[in-house]
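Labels run A, B, C, D and E following the written order; every chain starts at residue 1.
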Amino acid sequence: MTKRFGSFVAVDRADFAIGRGEFFAMLGPSGCGKTTTLRMIAGFETPTEGVVRLEGADVSRVPPYRRNVNTVFQHYALFPHMSVWDNVAFGPRSRKVPSDEVKRRVGELLEIVRLSDFAKRRPSQLSGGQQQRVALARALVNYPAALLLDEPLGALDLKLRQAMQIELKRIQREVGITFVFVTHDQEEALTMSDRIAVMNEGRVEQIGAPREIYDEPRSVFVAGFIGSANLLPATVTGPGGEVEVGGQRLPVPAAGGDPRSGDHAVLMVRPERVRVLVDAPANGHVGVRCTVTDLVFQGPVVRVALAAPDGSPVVAHVGAADRLPFLRPGDQVWAGWEPDAARLLPARTAAPSVPDPHPEEVR
Amino acid sequence: MEREPAPGVKRGRFAPYGLLAPGVLWLALFFLVPLATLLRMSLSSKANRFDFEPDFTWEWSNYSDAITEFGEQFRRSFAYAGIATVLCILIGYPLAYVIAFRGGRYRNLLLGLVVVPFFTSYLIRTFAWRTLLADEGPVVSLLQDVGVLADGGRLLATSWAVIGGLTYNFLPFMVLPIYVALEKIDVRLVDAARDLYSNGWRAFRKVVLPLSLPGVFAGSLLTFIPASGDFVNAQFLGGPNHTMIGNVVQNQFLVQLDYPTAAALGFILMTIITVAVLVYARILGTEELV
Amino acid sequence: GRRRRRRRRRWGGGGDTIVISNWIEYIDEDKALIAASEEAIGAKVDYKEDVNDNNEYFATVLQPNLGQGRSPNRDGFIVTDWMAARVIGLQWVQELVREAAPNLANLRAALADPSWDPGRRYSVPWQTGMTGIAYNRSVTGRDLTSTQDLLDPAFSGRVTFLTEMRDTVGLFMLLDGKDPTNPTFEDAQGAFDTIEEAKNSGQLRGFTGNEYVNDLSTGNLAACIAWSGDVAQLTKDDPNIRFVIPAEGGMLWSDNFLIPETSEKAELATRWIDFFYDPVNAAQLTMAIQYISPVDGVADELRKLGPDGVALAENPLVVPTDESLAQVRIFGSLDEEEEQRFDERFAAITGA
Amino acid sequence: MEREPAPGVKRGRFAPYGLLAPGVLWLALFFLVPLATLLRMSLSSKANRFDFEPDFTWEWSNYSDAITEFGEQFRRSFAYAGIATVLCILIGYPLAYVIAFRGGRYRNLLLGLVVVPFFTSYLIRTFAWRTLLADEGPVVSLLQDVGVLADGGRLLATSWAVIGGLTYNFLPFMVLPIYVALEKIDVRLVDAARDLYSNGWRAFRKVVLPLSLPGVFAGSLLTFIPASGDFVNAQFLGGPNHTMIGNVVQNQFLVQLDYPTAAALGFILMTIITVAVLVYARILGTEELV
Amino acid sequence: MTKRFGSFVAVDRADFAIGRGEFFAMLGPSGCGKTTTLRMIAGFETPTEGVVRLEGADVSRVPPYRRNVNTVFQHYALFPHMSVWDNVAFGPRSRKVPSDEVKRRVGELLEIVRLSDFAKRRPSQLSGGQQQRVALARALVNYPAALLLDEPLGALDLKLRQAMQIELKRIQREVGITFVFVTHDQEEALTMSDRIAVMNEGRVEQIGAPREIYDEPRSVFVAGFIGSANLLPATVTGPGGEVEVGGQRLPVPAAGGDPRSGDHAVLMVRPERVRVLVDAPANGHVGVRCTVTDLVFQGPVVRVALAAPDGSPVVAHVGAADRLPFLRPGDQVWAGWEPDAARLLPARTAAPSVPDPHPEEVR
């Protein structure tokens, strides 16, 4: 399906199926069309082209209230004139659920989102995170067949987010809801979802299980967008999977496609697979010579920034438990990795980490 | 509508204090002085018809007499004005709604169409209605054809003509405030309601309507107040059995020169309307209102 | 329409009923006279006080009904003479049933033969009054005698004229030496010019209905064109308020009873008005409302009604002396076109 | 105020279609028919004065005559109504502002205080003003004492009395819509403006005022329209040099019985006001308005 | 300073100083009072008690527009009636900056937040993340002395967030702005800030450098809130820093305070310091015997959930490069760590990871 606002293409031929009971995450840079896609699924937007099918039936023209789908809106859209309790009770009451059942369910959901004590307040008297939790409760209380969540946990602190993630998972297990999830928290996407769709500029770039997306990205964009990745410009030198990187020849397992000798490509290695070695890599490891440029403490890991001989940055995440040699910027070291930690990706012109809207998209 | 300040906002700490001055001035000049003058007048007694500086004698009988004598006109005024206000809501709300939510880029134009007829003067409008409702006019024929009206039936000089005239004349006073209120409603809230299994009607009733109540309230005041004091419609569209309190006041002032009675009538009007408005506010939900 | 006190509405039922429209407060306060008239004619009278203003009554009651040949549901109504002339001209009224009304012979001779209803076939006066000048002696500091005095620059901005075209224009025609009993548009030019100039120079504060009485008594006005009936009351409380018929002459107007063409009870209606032409009843009415009665012999009957009656009989504003009656004129009838020219010119001056 | 639909919302897809019916009915009944009747009348000519069903003869001279003859009253009407509208904004906006933002829990009460005096009838209010402005009244004495008014000066029967009366009478029509608009403004936006170095006045001018413009616009219409067609104030508070077009219309209708001219006057009024409103809308910023 | 809404205490005696040019982060569970604290600093709330000082002067009653402080609001508070460009230009124009300077600055800032192509749109025509960036640009364009940011990057994807973080750091370096930052992203807080304040239920629990907060939390709440922590109930057995955990005696460096023998305490170990060992820990490591309960792939690390003998959960994060024995739930293993990886904290009654508003706070 495609959606245009005037001549602006917000979603461009997105085409995917979501299985029943699946936990489906959508990732993508800001403004790439995630919210618009969700809104089409929920029924607030009619696709300019294409159709939306729910359980086989074309629902492109079915109004939202007849789709058994609920949404947690990015902007919450809480009813300002109702108390928290009434906000949450809105859905069940619309469906004429008996009032003691409503009471029970709302109580339960407020308990889950830890807002039982705030039931009588108006949304405007809540903090941002509290409002988000009300939005979550308001959608969950309906036990819908599918739940569309637009960054539902973005305003919550890590602990609460984790607790909510667990609750969501539990509800999914118990009720069998299909979750479609927009998030900017990659860890969240990777931990929670069965499959992930990575979107870019209105197009779906890759769909797959988290591990697949992480370990076997199909494009430079996906590799760069999910997790961090060292992307080294490479030239294919041999058909068997040998490339030249920064003047050095390295063996590499080819990713899909059949790179021909001389092709320009990109070699990807995840920072956590990069080891910082004082000596040239040995026992099966390969690597390039680098200069240390920076060291940043990041809680569980230390981030070591290096520069390859051709100037490309290489980052290594070194666990606190790994005994790291004492390094200072300027030191010469080796960045090494096991050959299967690297992947060869087709080169792309656009820099993947800068999701700049192309000028021709806006008129 | 209650709009609680956003987390911890003290509303209007930012109000320039100078702004209070007009308010105070207004209170004194426009509120207290005329009201006091009027109150005093309403409790005075005239020595004779041409006693234009009546003595202030706590003449409560002005009130009781006015009520017993003009009770019928009072009842009629409030009935007519009330029905006209309800009709204005019934006609004006959908109009404002359609313009605000479905008007798209024609919103200005549509709003114009609603308001433009009212740019002709009040009297002319009332006269136009007279032509419209005339015994040989289009409306009567239509109603007779569909059988709503008996063959010899008429509309002019009936209560319905007066109510119709009031409704017609005060419609923009209803449409505009409702439009202003509707126009501010965040459509995403309607999306949310529809997402939560509310069909259009329920979404309207539970979200749009409550959020637009201040507009309905303002519009009702702007319609009911002048309608209940109106005398033009009753005079030109109604018969002698459909006079309203405005006609009585007009007569007392212009013809009888009985200012104490007129002032008493004004006060009674004010009291009844105030009570009516309070009741109305409570029905709409006071707490929701402001 | 003019005087008020508390009244009670009573409802009669059954029998023959006639419906009469009159000005407000133009009958005794508790309507004993209506009850008496009912007895006299042997029918119920539905007496409506629904005339506020001639034009308005014409626009709201007469024209929409009689203009389309429909009954206004009235068997009689009372309007001022020029409006009476108009409806007679439009043939919206029917002749009185003179045979049934012997008392109508008591009509004062001066009123018996107006140019717009020769021989009073269609109309008889209900009450009459004079138009002259009223002033507040304490403001003017002198007595006024002429319409010319209204133009005294000393009173600039403290003078009003009447919105009633025939009263205001009539006085100034007299001042101009023209005869308003047979008015032509040419004759009235001078009067119109004078009025217009008074307005333009700021001499004139405005054109009024009878709300001038208020300003006159409070001193906002120095002088104005006024109706005798109003000032009769004012003078009693405040001797400084005075009424004069200008030396050049004043105007006499009357409110006239007419029977709509559609009425089927013309005879009953005629008998009803006839009741008030009995000098005894006429005196009662004068006692109650203190206008000038069109009925001969009222003064004598008034004197029989005790000291108040005597006082009224002596009051030249209620029972005018012969010489003051000699000073007043009735504004003559205008044909349709002339009337329009008068109205338009006058409206142009009043700013409407 | 422009409020673009939230990302990709088609406004009002949710409008129950039944709601359109009253709109169409309204258009036909209240807009087209009376307007057509009036237009026809305004182009008819009368055979004589008492010809109450004039012939339709494309009598354009009705228009040209009306303009040449009553140009002054037209000018005066618009001047008075315009000044009164401006005064209403100047007095009413601060009032509405103070109530909406500083009223706290007294908002209902304060709003009541503004509106209650208008529950007495229109005529009574106008008369109360007459007492207030009388030559010996409190306002004149005050103004004379402070020297604004010469010793012999007066207010009654001046333009100022008419304008004052109009302002007083139509104030609630300004206050209520502005209040409705102000009441919906998100105070957090004001916070944001103040955070960005705007003092109270600039925050007001740049944020509150633009967001409340629909209310000001609606209020201006509700004030200007009846004010420009009014005849009561000019009649009772003004002198013969202060009559407005409403008085002319009244005279044409009631005294002259010249319905074609009256209808033509109505149409001219309508045209001028429509143009004035369009200009006004452009000044306030059309695009911003709806 | 203290702030109450009615009888509800939103901020309770927060008392701290922020140095000039400092990058100061505020962390805390949802509804703990972060936004309220910021609003007091910015001047939108008057403290119920206490004062706010800016550069020494008491500004508690100075209106916001005279404080050289700008705010990025949690709800953006963009002006709906202005274009993106006008929104950003609002501040400089208020200060009567010459118009070509305004043009230059706004252009520059829109460039930085990557919205140059959206300058003419209204805020309602932007996606959530784009709106947030406008809010950021609108505050930054003023080069204020201090910038208060209330979750300014929450709606942005990881890449863009990182890019923005770098921009913020750069601006801080160049202009010397003081940043006060509310975030739910701990990595963000730990990487970017000079000091961190951890708030809980209106109170500031600990202020310190990121490393200090992470490595030396002063309370169970802070330990549990920042990063993940294994919190094992312990009993102090010896004065020299020996505790009993799950039936085993372990040496441990005591954190502040002087735990007395017999005291109940909590032993904290970060998951990334926990190694999963098949055999009992040796060469200086200590540890407890555990049962494997779950294994989750999380991108750079595998999260191994274990259960100590007393049932307390123990989590280990094992890097992808660490050769992990093949494990299945139910396997018996050892959770081991170096002694200095553990810290002993005073026990607290309230569970730290559940920021439940206490009922007595709400009336």
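Side notes on the structure shown:
We take it that a residue touches a chain if its C-beta (ideal position, glycine included) is under 8 Å from a C-beta of that chain, and two chains touch if they have at least 3 such contacts.
Everything numeric in this text was worked out from a predicted model, so none of it was measured.
Each step here moves to a touching chain, and the least such steps from subunit B to subunit C number 1.
Separation of subunit C from subunit D in touch steps, taking the shortest path, is 1.
Among the chain pairings, B-D comes first (most C-beta pairs in contact).
Taking each chain's centre as the mean of its C-alpha atoms, subunit B lies 57 Å from subunit E.
For this pair, subunit C with subunit E, the centres built from the Cα atoms lie 93 Å apart. Residue positions of subunit A touching 2 or more other chains: 5, 35, 44, 63, 75, 125-127. Each of residues 56, 59, 211, 218 in subunit C touches at least two other chains. Those residues of subunit D in touch with two or more other chains are numbered 1, 3, 5-7, 9, 14, 186, 188, 191, 194, 200, 203, 250, 253.
Interface residues of subunit E, counted against subunit D in their complex, comprise 42-44, 63-66, 69-71, 73, 75, 77-81, 90-91, 94-95, 122, 124-127, 138-139, 142.
Residues of subunit D that touch subunit C in their complex: 48-50, 52, 69, 73, 134-136, 154, 156-157, 236, 238-243, 247-248, 250-251, 253-257.
Residue ranges of subunit E in contact with subunit A, taken from their complex: 5, 27-31, 34-35, 74-75, 114, 117-118, 125-130, 132-133, 150-151, 154-161, 163, 184-187, 190-191, 210-211, 214, 224-227, 270-273, 275, 296-301, 317, 319-322, 353-357, 359, 361-362.
For subunit D in complex with subunit B, the residues that touch the partner chain are 1, 3, 5-6, 9, 11-12, 14-16, 19-23, 26-27, 29-31, 33-35, 37-38, 41, 90-91, 94-95, 97-98, 100-104, 107-108, 111-125, 127-129, 131-132, 138, 168, 171-173, 176-177, 179-181, 183-184, 186-188, 190-191, 194, 200-201, 203-204, 214-215, 218, 221-222, 225-226, 228-231, 245-246, 249-250, 253, 259, 262-263, 265-267, 269-270, 273-274, 277, 281, 286, 289-290. Those residues of subunit C that touch subunit D in the complex are listed here as 53, 55-56, 58-59, 63, 67, 86, 90, 157, 199-200, 202, 204-207, 211, 218-220, 336-337, 339-340, 343-344, 347-352.
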